[in-house]
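Below, chain A partners chain B and then partners chain C, in two separate complexes.
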Partner chain A sequence: MTANKKYIPYLLILPALLMLIMLTIFPLIWSFYTSTRDMTLFDLMMHGGSNVGIRNYTDLFKDSYFWNALKNSLIFVGISVFGQVFFGTLLASVLHSKFIKGKGLFRAIYLIPWIASSVIVAYSWIYFLDANLGFLPSMSYKWTFLNSIGLGRKDWLTNPSLVIFVLAVINIWKGTAFSMLMQSAGFQSIPDSVYEAAEVDGASILQRFSKITLPLLMPFILINLVMTTMITFNVYDIILVMTGGGPMHSSEVLSLFVYNVGFNQGELGYAAAASTVLLIMNLVTTILYLRYIKPVEVN
Partner chain B sequence: MAKKRKRIIKILAYGFLILWVLFSLVPLATMLITALKPADTFMKYPPDYFSLKLTGENFKVVLSDSRWIKYYLDTIWIALSASAISVFVGSLAAYSFARHNFKMKKFFMIFILALQMIPAASIVIPLYNMFAIMNLLDTYLVVILVDSVGTMPLVIWLMRGYFATIPKELEEAGYIDGCSNLQSFWKITFPLAAPGIAASAIFSFVRSFNDYIIAKTLAGGRVITYTVGLTTFSNQYEGIDMSLVSAASFTALVPVIILFAIFHKYFVIGMTGGAVKG
Partner chain C sequence: MKRVFVIFILLAVMLTTCLVAKEKVVLKSVGRTWAKENLEWAAEKLQENHPELDIVLDSSVYEYNECRTQLAMRLSRGEKLDIIIIDNIWLSEFSGMMRQFDTATLAGYDDIIPAFKVILEKYADPGKTLGYYYSTDDRLIYWNKAVMEKLGITDVKIETWDDVKKYATMIKEKEDQLEPGVKPVGFMAGATEHTNSRWYDLLWSAGGDILTPDSKEAIFNSEAGVDALEFYGWFLKNGMVAPEDVLSPASGEVYDQAFVNGKFVISLGNGEWIGSSTIQNVGMSAEQFSNDFGAALIPAPTVDGERGTSVAGGYIYGVSKFAEHPELAIEFIGYLCGPEGWNDPTSSSKKAGIPTVKSALYTIDSIPFSAEIKEALEHARFRPTIQEYSKISDVIRSAIQEYVLNFETTSAKTVLDNAAEKVNAILK
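== the complex of A and B ==
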């Protein structure tokens, strides 16, 4: 009986481990292997392609499209993460105040963009911004004040120097609710008694914010920053549907670069090498994540 | 003075909340208006968004389109199966982590958490290669399995938290009353963990229901989810009929919103991996 029982814990995790190893670890190892080969979609069925060592990697670092994608990723992730955490914290703090009524309704509305699928989000924004038929450009004929506040333009998705910023705003639109929820948990973790004590001591609103709220909220903000960074580096479904990375690669982020090289150009080996770089960037954020998850889990 | 300042803060706070409501709703609201417009609205330039001519015709067309119904049923079948597998297999592992102490337990737990960080872009191409060689591309099986693995790490961590809150003594009381291991799990632990299971199931269902990348890369010929179907719709009607794509989008968005409205609390717990307790 006892000898038998020893296996039970392992037996229970076995199915999950097997599935996870076969469908994530094994493909990952395969991806490393592929990254050392000159392999196309065509080679896949015929033979494995030829061994080229690290040439895919050296080619990658000479490829201006790769550096362009990396730059786009940094812009996209930087703006998205800052925007999401900033507005998420702001919304959470306003919704935490006692004098606001209808909190539940506000919160529910804010969550709608977050639960909508990326493809629907993509179409709703295409139809909102489309140069000829979109809502915003059509309205700028009628409501000329839109022109004077800078919303009257038509090239939202076709201007190469603008499009990545527009996509970052759309990503903020979709993702802020997640940060809001995380930060609400942060605000709820601060006991009211702390504020009451500060009020008795005569602390001003500003002092209360900088001396009490911010330090106590910091672990939540940190973990939120890291998690959002991690999620955003891998976002490409909205961009794939809205622009495909164009015009002229101006909205091609790194994860979309991997996808386009692999599936559109069929260069599997080269795409695998690019995906290794993506993986390393994720690894760095993961290490940060594992370092910062501790203080929050205690709460 | 203090009173006046309080009023200003109040006005600013409400102003910000209402602005964010507008920002959140305007793109989706214009999509709904688009879905309710007669098709010829978008053949004129610029289209008249504010005419009061509204019609349910687009919804009728979409809901009687046999392709759209197939996409829809495919998606529901895939999402239901994937979340059932994810929750069942994930709960077994979570139970083990919560109840038993064994060698390498900590390693396995961190390992599973770390798996969640592997970018989809990194593994979708090797998965495509694997299944192409096994001749399994474009099957329900493949999409269901990959979808379920995508949500499993989070389900395991979420469920582990729930199982850990159920006192071990309750189960032990079950043994004394003559229950077997399995019986005490089914009769005592499982019902008590029901909120966690609900949250996990809703989270993994919605994630799989809304997935685009996996269904697009590993299927798309015979097995078509609504997200992939929507893009083929759009390519077909492009420029001619925004209203049909909009109507189709809403038939897929509304069920998720209804699900959200009913299970709001579990939804939030699940989608944030238990970091936020509803």
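== the complex of A and C ==
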């Protein structure tokens, strides 16, 4: 009986483990295997594709489109993550304030962009920014002050040096709610008594923020950074719908590059190599976060 | 004795049931989302013609890219798919997986417009075909007649590139009478294949082509290609349209919608769907579209040139080589692609474009400018049906965009030559 009981925990975690193996571990191994083969959609039908070792990787590092996508990814992820965590924390702190009424309503409103489908979000922004159909460009003919504050331009989605930044802002708009939820949990975990004690000791608002709030929020910020970075590295749907990665690949991020190479051009082996690089970038970023951002002890 | 009699009766009943029971046939198909109801109609039709069978249609439908991936994956593992639908540009990828049929024995095969039969037979043995060409699309030049009339420009007749320039100049001269933001001319240079296909129409009308006939080398950078790109450049250089106006549309549909909404007075190319799905999307009736807009065949560079050259896209229905019921499958496809299939009351066929069988062409008569649309079919041209086309398409599209963005500092020749070099590297 005791011996049987010993196995029960293993039995209980078995379904989850099997799911993990089937849905994550096996596809990862398969993807890595595919990345070592010269495999197209056509080869798939012909059962195979030949083994090319690391050639897909060496070709990738010689491909200017890959480096362009990598550069775009770093810009897109950098701006998005900073913006989402910053604004998420700001919104969470505002909603945590005892002076705000109707917090539930505000929280629900802020969540709308996050829960909306990416395609709907993309089309909403197209109808806001598109040079021909967009609200902002068409309003700029009527409201000329928009031109004087720099919002009257028509090339939001077509200027190669601007478009990736515009897409990052849209991604911040969509993803901030996620950060806000994470940070809200952090704020709620800080007991009021800590602030009350600090207030009695004469701590200013700034001191309370820097010595209490920020250190106690740090574990949540860390998790937030890791998750937001991973999610943002994999974002491609909004970009695909809004610009298709153009013009001239100027808004093509790495995940969209993988999609285009794999599913439009049918180069499965090459796309698998690029997705392995994407995975490694995600892992390295996560390790760096965990290594360099440490929770601070509060005295 | 009684027990023996009962057993005898039971056995007799079982035997009779087995003899009378219909043979169950499951037809498996993989196709596009819009085809679903149409497929179900054809299954009913097949059932009517084979009362001795119990026909069940097991159909899976997908969006564009997913359809291609599913077909590749399912055929690669030898799945016994009977009916498959493929875009004509996937033909070289999938032709090896398709069953060939004798052209002389296929019902209604002769009814297919000749240009489309050529594509069906290109990857088959002599005298054989890969199935039926189901639907296609073509392009015309459209203009906003209502706006032009307001500007005093009537009796518009566009046959050559110079005609377009002439009318665009007349509109530009009266620009102050246009709504703010309305441009005399528009064309598609956005992120999708629509950018390529609409430029190919001009390339072909100038006598050029994308690749050599053996698809081994790029020739779109010929004099015709340069002329076609400079034709766009002329409108940009003369301020009749700005780069962001033509680069912005995220898809051909968004561009078409902008045109119907009055953003451009003349549009250098729109698919025939502008008179059906696009106007429906913006809440315009076919009658209003016919009254307020004009259309003509894609113009030629000069009066001696070929007007109406238009890229023909579209879908082919075929039978996979793993099919369990190839004869039934091809009969099914015959119904689907024939005039009855196009007149199917479920109307799903309407979402697919224009029929390629002559006797079904009447089904597009309700679409505005259907006479021109039908005439353009006679000048249908095809993109290269080779595996590398999606890569080539990306290079050509980027070249068009590069020229549009830098038309003041670069030449059409330089941009196209660079693109041709990249394409030749892909084709090696």
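One rule holds for everything that comes next: the second predicted complex is superposed on the first by the 259 of 299 C-alpha atoms of A that agree within 3 Å, B and C clash if a C-alpha of one lies under 4 Å from a C-alpha of the other, contacts with A are read in each partner's own complex, and residues count from 1 in each chain.
The rule is short, and it goes like this: a contact is a pair of C-beta atoms (placed from the backbone, for glycine too) under 8 Å apart; a residue touches a chain by one contact, two chains touch by 3 or more.
Just so you know, these numbers come straight off a predicted model, no measurement behind them.
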In the superposed model on chain A, is it clash or fit for chain B and chain C? clash
Once chain A of both complexes is superposed, is A:16 in touch with chain B (first), chain C (second), both, or neither? first
Should A:185 be classified as contacting the first partner (chain B), the second (chain C), both, or neither? first
Can A:155 be said to touch chain B (first), chain C (second), both, or neither? second
First (chain B), second (chain C), both or neither touched by A:263: both
Check whether A:31 is in contact with chain B, with chain C, with both or with neither, and answer first, second, both or neither. first
Taking the superposition on A as described, I'd like to know which of chain B and chain C A:282 touches: first, second, both or neither. first
Go through the superposed model and pick first if A:241 touches only chain B, second if only chain C, both, or neither. both
If you count the residues of chain A that each partner touches, which comes out higher, chain B or chain C? B
Who does A:133 touch here: chain B (first), chain C (second), both, or neither? both
Between chain B (first) and chain C (second), which does A:141 come into contact with in this model arrangement: first, second, both, or neither? both
Thinking only about the overlay and not a real complex, which stretch of chain C clashes with chain B: 58-66, 202-210 or 418-426? 58-66
Overlap of chain B and chain C contacts on chain A, residues 44-45, 132-133, 137-138, 141-142, 241, 263
For chain C, which residues count as touching chain A in their complex? 65, 68-69, 72-73, 75-76, 93-94, 96-97, 180-181, 189-192, 242-245, 247-251, 254-255, 257-258, 261, 263, 387, 390-391, 394, 397-398, 401-402, 404-405
Would you tell me which residues of chain A are touching chain C in their complex? 40-42, 44-47, 126, 130-133, 137-138, 141-142, 154-155, 157-160, 241-249, 260, 263-266
Residues of chain A defined as touching chain B within the complex: 8-10, 12-13, 15-17, 19-20, 23-28, 30-31, 34, 44-45, 87, 90-91, 94-95, 97, 99-100, 106, 108-121, 123-125, 127-128, 132-133, 135, 137-139, 141-142, 173, 178, 181-182, 184-185, 230, 233-234, 236-237, 240-241, 254-256, 258-259, 262-263, 268, 271-272, 275-276, 278-279, 282-283, 285-286, 289-290, 296
Give the list of chain B residues in touch with chain A in this complex. 10, 13-14, 16-17, 20-21, 23-28, 30-31, 34, 42, 45-47, 49-50, 89-90, 92-93, 95-97, 99-102, 105, 108, 110, 112-115, 117-130, 132-133, 145-146, 148-149, 152-153, 156, 181, 206, 209-213, 217, 227, 230-231, 234, 239, 242, 245-246, 249, 252-253, 256-257, 260-261, 264, 267-268, 271-272, 275-277
